[in-house]
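Structures follow.
Both complexes shown next keep chain A, but they swap its partner, so chain B is in the first and chain C is in the second.
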Partner chain A sequence: MTSQLTSPPPFIARESFIEMTARERARALLDKGSFRELAGPFDHHTSPWLPLQGIVCQADDGVVIARGTIDGEPAVVAAIESAFQGGSIGEVAGSKIAAALELALRDCENGHPVRPLIVFETGGVRLQEANLGLAVIAEIQSAIVALRQHVPVVGIVAGMVGCFGGMSLAAALCSRLIMTRQGRLGMNGPEVIEQEAGVDELDASDRRLVWQLIGGAQRVATGFADALVDDDASAIATAVHSAFARGVPSAHRSQQVDAYLARLAQIDPQSVTPESMRTVLRACADDGSTAETQS
Partner chain B sequence: MEHLTFDYAAQRVVKARAHVGVVGSGDLEVLLSPHDAMGARVIVNTSVDGYAHIWKSVLDRFFTRYDGAAVIEINDFGATPGVVALRLAEAIETAEATEAAAPTPPCTAQPQGGAQ
Partner chain C sequence: MNDATLTRGQRWLRALAGEAGTCGTPSSSPVAHVDAQLAGDLARFIAVVPDAENRFARARENVVGLEQGWLLARAVREVIESDAASERRRPIVAIVDVKSQAYGYREEMLGIHLACAAAVDAYACARQAGHPVVALIVGPAMSGAFLAHGYQANRILALDAPGTMVHAMGKDAAARVTRRSVEALDALGETITPMSYSLSAIAKLGLLDRLIDNVDADSPNDEQIARVRQALIEAVASARQGPRDLSHRLASDAAKTTRAASIDVRRRIAEQWNAC
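Moving on, here comes the complex of A and B:
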């Protein structure tokens, strides 16, 4: 993977991260041989709510938690499996993420820093588990906020599901976000916006427009994400290393409320375009960290 | 959703476990683990009702070649018989690779797929 002696064409040299399952992703992000899964499929922590609604469970409830090392430092990865129920966060799935982050927080407070990494691939709360899913997403969010005082909390939105709903807020709370061009990040998905506000508001079938609004390139250009990386497992792992190496930001995005409100006030909803969004919002991505693009 | 259970005879002890697949559209998850008794038991949870006879045919065929004393749990989300057979073969391959690599029982799930 690293040696380029014969330099094969890029699409052969690459190892697609998007095509990996959550477990393969977690394994690819941790140092080779360090992957150790916690609360795995053989522990059978399944959703108690899905069978009541006639839906088959997955043995890990769609979330893989793994300990290991990143760049030699202790780390914990929470990776969401998008193929199971759209990566939706139910009570068990969300509790696994929240507990992993809370245990990392306890280690940090005891002087043993743990690098927390979340691989977002989710439509948000699992509708079949409603309020229980929402409650646990709140737990994830408060764990991120507590943890990011000690270590950078790094998130990845690789695609193709993207990251939506309450989990998009969790992603926004992360210290640093890594995205691919294929990844999307937004509160409401395009189909939901079209359904609720009409096709005049947003044509969800217009893929170019959708990605111009919420795609990885736009999110990095407007400072809502930090690094734009190719869909390649080793490129993403490298971006993760550098995200952790840069340490805790002096100010997280979610702490810059006044700056963002001031920028929002400059935006005219009637005439806003993806380009004007970039002009207005680019300046907000400060704290000395300019967005990085790796391609 | 339907729950089905099947029992088959076994000839040898299984020492490793394996986890393959996801409960995604047209796919299934297989959890294979050693059975205490000298027999094989298959537990199927499937989203599609009324196909018990097809499951029996697929498993009958599988067990003409497999003789391990394993508990095989299947969480199925509408996989076709061909996909079921491939996932079962993948689970066996993964378990046997683990068994060959480490004689002692492993403590983690195995990687999925065979991206060679």
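Moving on, here comes the complex of A and C:
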């Protein structure tokens, strides 16, 4: 951005990223005209497990894999479609993401870098495919850890579903995470916590509290994500370009074990609040750089 | 500590590696680890154990919470760092008896997703660096807790005993969410393999390398402990021969049948990867 406006002008030509389907999102993030889908709906890789439970399949199992370029560089996007089974990860959906990352890794190891981008929009494991959902998430995580030694793995959590369950761990393994204010990132969804621990632990219907806890603004302010971006397709694409341009971080967030244990030791579990933790965890992400806000 | 109060994780850690705290971590830590001989290697055995005094009230049992995630990562990374210069990498044995991840307000606020990811990261790095990583399931291996502690292993072994299980969600919660009775859920597992809680179903999915039968998981005798130790030694040797990624899980005859869809979609994406 060459100039910063104090507030965005109203009615500016802005295209909501949140309202896009996974396929539109992948297209919007790749350079114009470069989108090419792999294992698309016409290849008909569907869940073998849903029909056994009387559930109608979708021809792409809710994940879009697309090759193309980002800033002229070879890239692959894996975008999860929240409109199918809440973006849940079943055997085929998860295997598509793992396959894309594994092939990007192979190319990187052969000296042909590929930029991997994951658009998270998922509640986690698809319960109808329970153990295979969990298994493929472990495979996705393994591929991210191997791949990010070569290229930054970039993730987006735009909303409205957010990113939960085992896939929140996959998001946390990414080199850089881009979020909107509408995005939420957490391991256990508020409803799950209320169910497991009781309403005194967390009232899932208190939306303000939930957003203060796991919303994009808080996640960026506390260093769990790197860039807070408006819900605008071109602003998100710009943030993606900048995330790749910054290269592989010197230390990934999930490798900073001693630093995070030290910060955790400073926290008093009895009194900590979303506000007070900002001072302890503020912008301590990757290579010491501060979080960005882009609009 | 009274023997009767030990969890399975503590019991098997002691049986296979000796007392935690004497040469490992302080006994008050929720992540216990002990370095002990396994065939010709000094292996690191790691278990998540109850910690009644833990600062985080939702993480006092054998669950993976904030401290557990980061401490697992530290226990694994110590081994990676100490072996960085040596050609032979030491085995890491994850003794798996984890009921769940910790469910709590503070856990989410303080980033339990990142703490668990740190453990995943460390185990995956160890495997990719050539450490034979073996998971031994002696109790529940549930959901996010299993992702953090065990699921990145080269080889997964399990005791075929009551109380060992792998699943994405606890049975009661899964029944509530899917609006089924626990009995109906069990019946569904009979026909839909990935829905089952049984270890034999996990084996059918190609995810289990060995199911060890005739072992009393709660109070094993010397012969049973020796058999489990031998299985670990063989798993370490086999891991050293195999790939450092997780492709092994798709290579078994079981996986070729039950995970045909995983294999098929990977093949398609590989075929279409480069434009023709």
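The working rule: the second predicted complex is superposed on the first by the 281 of 295 C-alpha atoms of A that agree within 3 Å, B and C clash if a C-alpha of one lies under 4 Å from a C-alpha of the other, contacts with A are read in each partner's own complex, and residues count from 1 in each chain.
Quick note on the criterion: a contact is a pair of C-beta atoms (placed from the backbone, for glycine too) under 8 Å apart; a residue touches a chain by one contact, two chains touch by 3 or more.
These numbers come from a predicted model, not from an experiment.
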After superposition on the shared chain, which partner residues are touched by A:81: those of chain B (first), chain C (second), both, or neither?
first
With the two structures laid over each other on chain A, which partner does A:36 touch: chain B (first), chain C (second), both, or neither?
both
Between chain B (first) and chain C (second), which does A:56 come into contact with in this model arrangement: first, second, both, or neither?
first
Now for A:138: first (chain B), second (chain C), both, or neither, which partner does it touch?
second
Applying the document's definition of touch, where does A:27 land relative to chain B and chain C: first, second, both, or neither?
first
Which partner, chain B or chain C, is in contact with more residues of chain A?
C
Let me test your reading of the model: by the given contact rule, A:254 touches which partner, first (chain B), second (chain C), both or neither?
second
If you stack the two complexes on chain A, which partner ends up touching A:227: first (chain B), second (chain C), both, or neither?
neither
In the overlay, answer first, second, both or neither for which of chain B and chain C A:147 touches.
neither
Who does A:101 touch here: chain B (first), chain C (second), both, or neither?
neither
For chain A, which residues belong to both interfaces, chain B and chain C?
36
With touch defined as at the start, can you tell me which chain A residues reach chain B in the complex?
15, 21, 23-24, 27, 35-37, 40-42, 51, 54-59, 81, 83-85
Of all residues in chain A, those that touch chain C in their complex
36, 38-39, 43, 45, 47-49, 52-53, 65, 67, 91-92, 95-96, 98-100, 102-103, 124-125, 127-139, 141-143, 145-146, 165-166, 168-173, 185-188, 190, 192-193, 195-197, 201-202, 213-214, 222, 224, 252-255, 257-258, 260-261, 264, 267, 269, 272, 274, 277, 281
For a test of understanding, state which residues of chain C touch chain A in their complex under the given definition.
55-58, 66-67, 70-71, 73-74, 77, 100-101, 103-118, 120-122, 124-125, 127-128, 143-144, 146-148, 151-152, 166-169, 173-174, 176-178, 188, 191-196, 201-202, 205, 207, 245-246, 249, 259-262, 264-266, 268-270, 272-273, 275
Note: in the complex, chain B contacts chain A through residues 1, 17, 19, 22-25, 27, 29, 31, 33, 45-47, 73, 75-77, 107-109, 111-113, 115
